[in-house]
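Read from first to last, the chains carry the letters A, B, C, D, E, F and G; within each, the first residue is number 1.
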Amino acid sequence: MEYNISIVVLIITFSFLLAALVLAFVRLLRGPSVNDRIAAMDVIAVIVMAFILTYSIMVNKAIYLDLPVIISLISFIGTVAVSTYLKHRYG
Amino acid sequence: MEIVLAIVVGILYTAGVYLMLRRSILKFIIGLIFMSNATNLLVFLSAGLVSGSPVFVDGEKINAEVMADPLPQALVLTAIVIGLGIVVFTLALKYKFFELTGTDDLDQLKKTDN
Amino acid sequence: MQYILLLFLISSLAIFILPGWLKKQKALVLSAVQVVAFVYFAARIPEITTAEAKYIFLEWIPALGLNFEFLLDGLTMVFALLVTGIGALIFLYAKAYMKSYEGTDKFYLYLMLFSAAMLGLVLSANLIQLFIFWELTSFLSYFLISFFHEKESARKAAFQSLYITGFGGLAMLAGIILLGSVVDSYSLQDWINGAESIRQSNFYLPGLLLILLGVFTKSAQFPFHFWLPGAMQAPAPVSSYLHSATMVKAGVFLLARLSPVLGGTNEWIYIISLIGVITMLTGSYFAITQTDLKGILAYTTINALGVLVLLLGINTSESIKAAMLFLFIHAFYKATLFMVAGLIEKKTGTRELSKLGGLVKYMPFTFVIALLALLSMAGLPPLLGFLGKELIYEAKVQSPGIASLVLILGVTSNVFMVAVSLFFARKVFLGKPNTFGKTPNEKGAAFLIGPGILVLLSLVLGLFPGNLGTAVIKPALGVVSSEMIDVKLKLWHGFNQVLFLSLLTVFLGVVLYWAMLKKKKLLETWRKVNSVIFSIELDEVFAWVMNKFVQVAQFKTKIVQHGYHRYYILTIFVFTSLLLWFQVFVIRSWEFDLSFSLNPFYISGLAVVILGAAITSAVSRSRIVTIISMGVAGYGISLIFMYYSAIDLAITQILVETLTLVMFMAILQKLPRFAVLSSKRTRLRDFFIALSFGSVMTILAIKAVNVNLNPTISDFFVENSYNKAFGENVVNVILVDFRALDTLGEVTVLTIAATGVFLLLKTKNKKL
Amino acid sequence: MITLVALPILIPFVLIIGMLVCRSDKLARWLGPVASGLLLLLTVVLFVFVQKHGVLAIQMGGWEAPFGITLVVDYLSALMLVVSAIILFVIAVYALNFLPDSININRFFIFFFGLAMGMNGAFVTGDVFNLFVWFEVMLMSSFVLITMGRSKDQLEGGIKYLALNLVGSLLFLAGVGLLYGKTGTLNMAHLAEILKNDDQAILMNTSAVLFFIAFGIKAAVFPLYFWLPASYHTPNITISSLFAGLLTKVGVYTFIRFFTLFFVHDPQFWHQILLVVAGFTMVAGGLAAAAHYETRRILSYHIISQIGYMIMGLGIFTPLAIAGAIFFTLHNMIAKTNTFLVSGMINKARGTFELKEIGGLFKESPLTAILFMIPAFALAGVPPISGFFAKFILIKAGIENGNYVITAVAIFTAMLTLYSMIKIWNEAFLKKQPGNGNPGRSYSFSFAEYFPSVLLGIVSILMGIFAMYVFGYTMEAANQLINPDLYIETVLKGIKL
Amino acid sequence: MDNVIISIFLLAGSFFILIASIGLIRLKDLYSRLHAATKAPSFGIFLMLIGVSIFFNTPMVYIKSLFVIFFIYLTAPLAAHAIIKSFQEKDKDDSEKKITEL
Amino acid sequence: MKIIKRIYYTLEFIGFYLFNLVKANVYIAWDILTPKIHMKPAFMEIPVRLETDFGLLLFSNLLSMTPGTISMDISEDKKIVRVHVLYYKTDEIMLNEFYKMQEKIKRITS
Amino acid sequence: MNSVILQLAAKYLKWLFIVFAVLALIRGHNSPGGGFIGGLMAGLAIVYNGFAYDTFRIKERLQNFPEWLIAGGLFVIVLSFFPSLLLGETIMSGVWLKISLPLVGELKLGSPLLFDIGVFFTVIGVTLMFIFSLTQKR
């Protein structure tokens, strides 16, 4: 447990993630089809997880790992739910 | 940092209120969710923020470091769950209403006043 | 005394449970009760002439100054005798009159309750108690007027009278409380003792005006007089009891009661006299042109009330003496006349003057009784009326200030009264007999007992007034003007100015009568002129005002409760923002750390994404995008929670967000799309309102972070979470142990919501 | 014995479970009224205890005062509990006969007890956030109740009702958050203790504004009342009457509680604004009641107008005025419910609430007429029924404290009240049944149908005749509110902080 | 040394996630976007989890990481599948374009 | 014996899987980061030779994670998997690859 | 959605979810989790199952299942009040039972745990009721 991850690494990681988040969000905004948006949302969920992982390293608390477990289980339910009802032709 | 979050709260409120003032009931409900999120964040924020120290006491010994305030967390948790119940009920209500009347327009809802 | 009231109350209720044989005679029973009360009071006459007034104190709500205080003194005696005596006769009369109507039980109930209330009113020595009885009489009068409630005119008249007297009553209550706050008591005795300070205080004039409002509305003074003619929709016994003999005199009673406290000042004299004079003239003037039998009587009643108020306003011992006497006189003749009018209506089926005539042939006794009463009204000797008029003239002559004006107006009005009396007698009883649907008769002795006795009293007392003066009037006078003056009443005063005035009055009255009778045109022209000059009738004004008021109310309601749901919300938010901005503006003193930092940048970036999501959600054209953005904002918020060390919260937020998303998607397919519903301007306006609210909330949030009045209580939770509650997750421990009650409520909310959703959406055939 | 304090919450909770699993209609029909009767009994016992001890407090879970949740019963709470329990009992009986077949009585009782639980919770709790939770319980139940018949109107009214109330809830929550952020505590007594001697207490004003708006929405005061007239006339009459007596009064209760216990730092501003709001509320409600011709609409607007009086009492802020406000609240709960009950009976007899289509009831059913007369006159302030004393106390307090304008408005509003009550009376009872109605149909009520209304009528009258006791209690309550030392001490038990 | 390894894992992981996002933006049609959106993020998380596990180096963390990886690889294809399936089954006219605003 | 074999196959499979994983991601990364996009998308239908449900699930998931393929659907009778291919070569080459994969899965699930 | 892949996955995922939900519940007192989180997860598991099979119709005899769950959960909550009442303490006080088990070590069972379990079941029931009501065929 005695590791010191350089803050530079963490900051770069965070920047990557943030950039990813913003890009995914742009896709979410632009569409064009709803399915694209859902895909973007899916990616965003993953980004959230990555955020949490990085953060747990940053503050050195293993307890944060409980979150990804649950997000990984839950997030796709949203995706499935949205796509399930997309079959019906409403936007 | 609090100021940024406070602005987030403000924007969430703005979005919520703006949505609530729309004529569509669905938008109203989404506005409600935004407002409730904003409120939760406000409650969470106003008690002061401590980052990176979740409130888990480790056995008998009391941690020396500054702990985040657990109470607002509990309050917000309660509020979130209550909000869920209310939102779902509102959705159901709206659904039923639409089924009966075929309109989503709040301005059509004038029968019970006057 | 209180037992008498109780007796009245019980007997009024008892008529519902009387045994069958007695039930038929319930009017007699009630009459007997009244007689008992009358005898009780009459037996007390010697006491009050000699000893101190009888006073009973029953504690009720002392903290509010509200107690039962009964006082039996001279003034009370006058009214008590009138109430019970005439009451007894009225019940006799009612027995005959009400025979053919339904619901007599109710009628007697109301009437009996009324007389109890009236008695209570005159016995009260506490002003709030007096007010209570006062309002009760108003309401019972409402019920009695609307007794024939299926007629719209009756309902309208009843409402009118209730509304006006009720309004006056409330004003009076305010006046009483206002003046009561000066002496810190509502007890009459305290008021009399503190009369000086009341008269000196700033509250005197407003208090007096408010109380006078009550008096004037109740006693049908100008410009509130119009309810009284309307009240003639009531059955005849009611008219004769309430609207001539007792209830309308309540105002006079109150004036007399309060004159030791409030009287004697210039305000008192001028206001009251002025109103009294106007009322007097109005009453007599309109009496002539009426075509309705009861209408004539109503207006003459107004005239009499005006006279009484005027006399009390003049407020000399002479005038008060006249007033007390006139009270009796008027009660005697007017009750009689009303009863006669009721009888005539009953027998002929009409009250229209033009359809009546020649009744003397069919109803000779009635004629005699009516004639005597009318003469008393006209003030001719040897009846009691003459005596009264003499005294009144005398009082007017001696009145301070505006004596001559008052006198002239008084004579004028009496001239009218003489003419009216003669006209009444001529039109109804003499002249060419009209044809009626059925032949009128005088069957039913009960009809005539009451009027007969009253007229007889009028006559006897007119001839031998001495006892009346010493036994009844003198103590009353003593109470009102707080000095004992010997009252000697005689029929014959000798030749003096007053007698001359009387003669003049009679002469002019006869001339007027003659003119009216012979020159038919004159009367018609008069009526026409009247209808031109007084084209605005006050009761129409009242109806118009009421109508207008309802219209205004409807208009206002339309504006406020317009039905546009979002404007309701808008109103609420605008109001909230205004109040909050105001507060923020007023309390600027709080200082806070405005160091604006974007550290850590990823949270700032997150914030930007949340903002983007919120804005997208707000302006998006697609429902799915709106909802997905909402989900993204939710995820972002959960990240913020996570960052600020609220793990449970973050997890819950994500779970709930997902669940909400699922729910949305579940129903979305069945809902319509968004459509352009509001214009650009509306959206802009909404945006600014939202922005104003949002920004004020931002300020509040910053402020709350920077203000800490007290260390938080959370340390306790952290310290005791493991030691006492055996849990390492403090948030969870708070939820299930420290603040388990919250969780209990929360679970209940969920349960109810779930059951509610189920109920709301269940299909018809599915069983619950 | 102290556990008694928690029972008003727990008994309804257990009953909710019971009603959830209860499949037998008959059982529910028995259980509902009996249980509410039990609740009434319990509250009376509580009241007796309060009389003996002054203030009762229980620390839930045994955690001492500012940390755990404290349930407190003082005079005000006890009075509200008793009166609301009476109303609950009465409505439970009433529901047996007046609930339409389309509503399953088991389900009705779930929400009925949910409402009871939330309301009792709001009355007894001594914790700000806990109050929010109970408010939500209450609101949620009322949301469901209002839409229970699932007709168009009900849903429409339900949406409006729900929307505006939710805004209120959210503002309330925001207020709680800010309050906690500033003071670091949630316990009301503790808050009072902290704010009492703090020269910075003025900073609480903004939180107070949020609470003001939130409670204002719940209590339906002037610019915030729109939900009430839009929704109260839509549900079944049982539910309307349940709401009419209870919901807004909880808002008033919290108003009184908050603005006497700890938001007392800026009286100038708050009392002024309370008075202004009260005045507008009275007039706006009264005028609107005059404008309508539907029984329940009139009565709904009338509720608003009456709320004005209660707020006025709070705004004057003398012990007498607060006692008056409490008296008024108690009286109004009873009388208002009763008018709704009777209007339900009118509806049952005539099939409509439109005044223009009904009439002749006085002749047909004099007892109904009397039953209507009692609460109507109580509301109009006819002595010696309860309403008169309430109004009298308020007017007296207003005049003695020099608030002439609001007193004048109050008197004016009394006339408006009289107008609307007489209107109902004239139209429904005195007038002949109009031809186009259904004159052939006449309905005679059974004793069970009369019973609730009779009971409330008797209570109204007793409250008038024994006004000295009621006034004594309310005065006691007002004194406790003005001097909350006993309250604070009982809750905090002398804990040093 | 371990520091470097962990850092590399973290950076690589986040890099792959970034790539997924770039792919979302750059690629032309839904299918190819989904390729990017399914594989890269999962892999990114995978790498990061390895880094995290090494960093904390407790059994519990290993177990949790394993679970997360397992879940991700179980669910990500499902999500992609669901999206594609809905895309195919939906009417081709893509009604979203017709949706009016507000 | 069988168990050891199973374990061996499983380990081998995991190695194979991991290898594919890395390959897939490198492909994708390369494709995305270089300005030219050299994709040749196509739809394919792959016959299934697996018996167990779990194996099928594994296969379809694996397909999604390996370079250039995403499983879109499985037919109702669980006989055909429809995939979307990014780098289409020829049917034969691709199918061969898929069959190999299926064999490996079969070894550990049957 | 009615997709074979999802159905295949649902078979296993359902149970995974539920196992994790129970884990979250049990561990809730000491690490992130608790009744709400567990309940919501378990509820979502069943929701997902419904999606996979594109149907939320439940068998006739299970019609009242969510209701029973809610009632049961609430009942457990009520049960959790009794220990403190029986011991004469203030209501809702935590009563703890410490059991020393070999291997596992000291185990603490308390009424707050019972409370949490009640919440867990109630939340599952509520979630199910929501989703069943909102998605039923009309």
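As a working rule, contacts are C-beta pairs under 8 Å (C-beta built on N, C-alpha and C of every residue); 3 or more make two chains touch, one makes a residue touch a chain.
From a predicted model like this one, the values you see are computed outputs, not experimental measurements.
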> Taking a step as a move to a touching chain, how many steps at least join chain D to chain E?
Replying inline: 2
> Taking mean CA positions as centres, which chain lies farthest from chain A?
Replying inline: C
> Comparing A-C against E-F, which pair counts more contacting C-beta pairs?
Replying inline: A-C
> Which integer distance in Å separates the CA centroid of chain B from that of chain G?
Replying inline: 24
> In angstrom, rounded to a whole number, how far apart do the mean CA points of chain D and chain F lie?
Replying inline: 68
> Just how far, in Å, is the C-alpha centre of chain C from the one of chain B?
Replying inline: 50
> Counting in whole Å, what is the centre-to-centre distance of chain C and chain D, each centre being its mean C-alpha position?
Replying inline: 26
> Which residues of chain F are in contact with two or more other chains?
Replying inline: 60, 71, 73
> Which chain D residues sit where two or more other chains touch them?
Replying inline: 13, 16, 20, 60-61, 129, 133, 136, 140, 143-144, 147, 150, 159-160, 163, 167, 174, 177-178, 180-182, 184, 186, 226, 229-230
>> Among all residues of chain G, which ones touch two or more of the remaining chains?
In response: 1, 3, 5-6, 9, 12, 16, 30-33, 36-37, 41, 44, 47, 67, 70, 74, 92, 94, 126, 130, 133-134, 138
> For chain F, which residues are in contact with chain G within the complex?
Replying inline: 53-54, 56-57, 60, 71, 73-76, 78
>> Taking the touch rule as given, give the residues of chain B at its contact with chain D in the complex, in rising order.
In response: 20, 25, 28, 32, 35-36, 39-40, 42-48, 71-72, 75, 78-79, 82, 85-86, 89-90, 93-94, 96-97, 100-101, 106, 109, 111-113
> Which of the residues in chain A come into contact with chain E in the complex?
Replying inline: 1, 3-6, 9-10, 12-14, 16-17, 19-24, 26-27, 31-36, 38-40, 42-43, 46-47, 49-50, 53-54, 56-57, 62, 65-66, 68-69, 72-73, 75-76, 79-80, 83-84, 86-87, 89-91
> For the complex, which residues does chain C have touching chain G?
Replying inline: 647-648, 651-652, 655-656, 658-659, 662-663, 666-667, 670, 724-729, 732-733, 735-737, 740-741, 743-744, 747, 750-751, 753-755, 757-758, 760-763
>> With touch defined as at the start, can you tell me which chain E residues reach chain A in the complex?
In response: 2-3, 6-7, 10-11, 13-15, 17-18, 20-22, 24-25, 30, 33-34, 37, 41-42, 44-45, 48-49, 51-52, 55-58, 60-61, 64-65, 67-68, 71-72, 75-76, 78-80, 82-87, 89-91, 94-96, 98-99
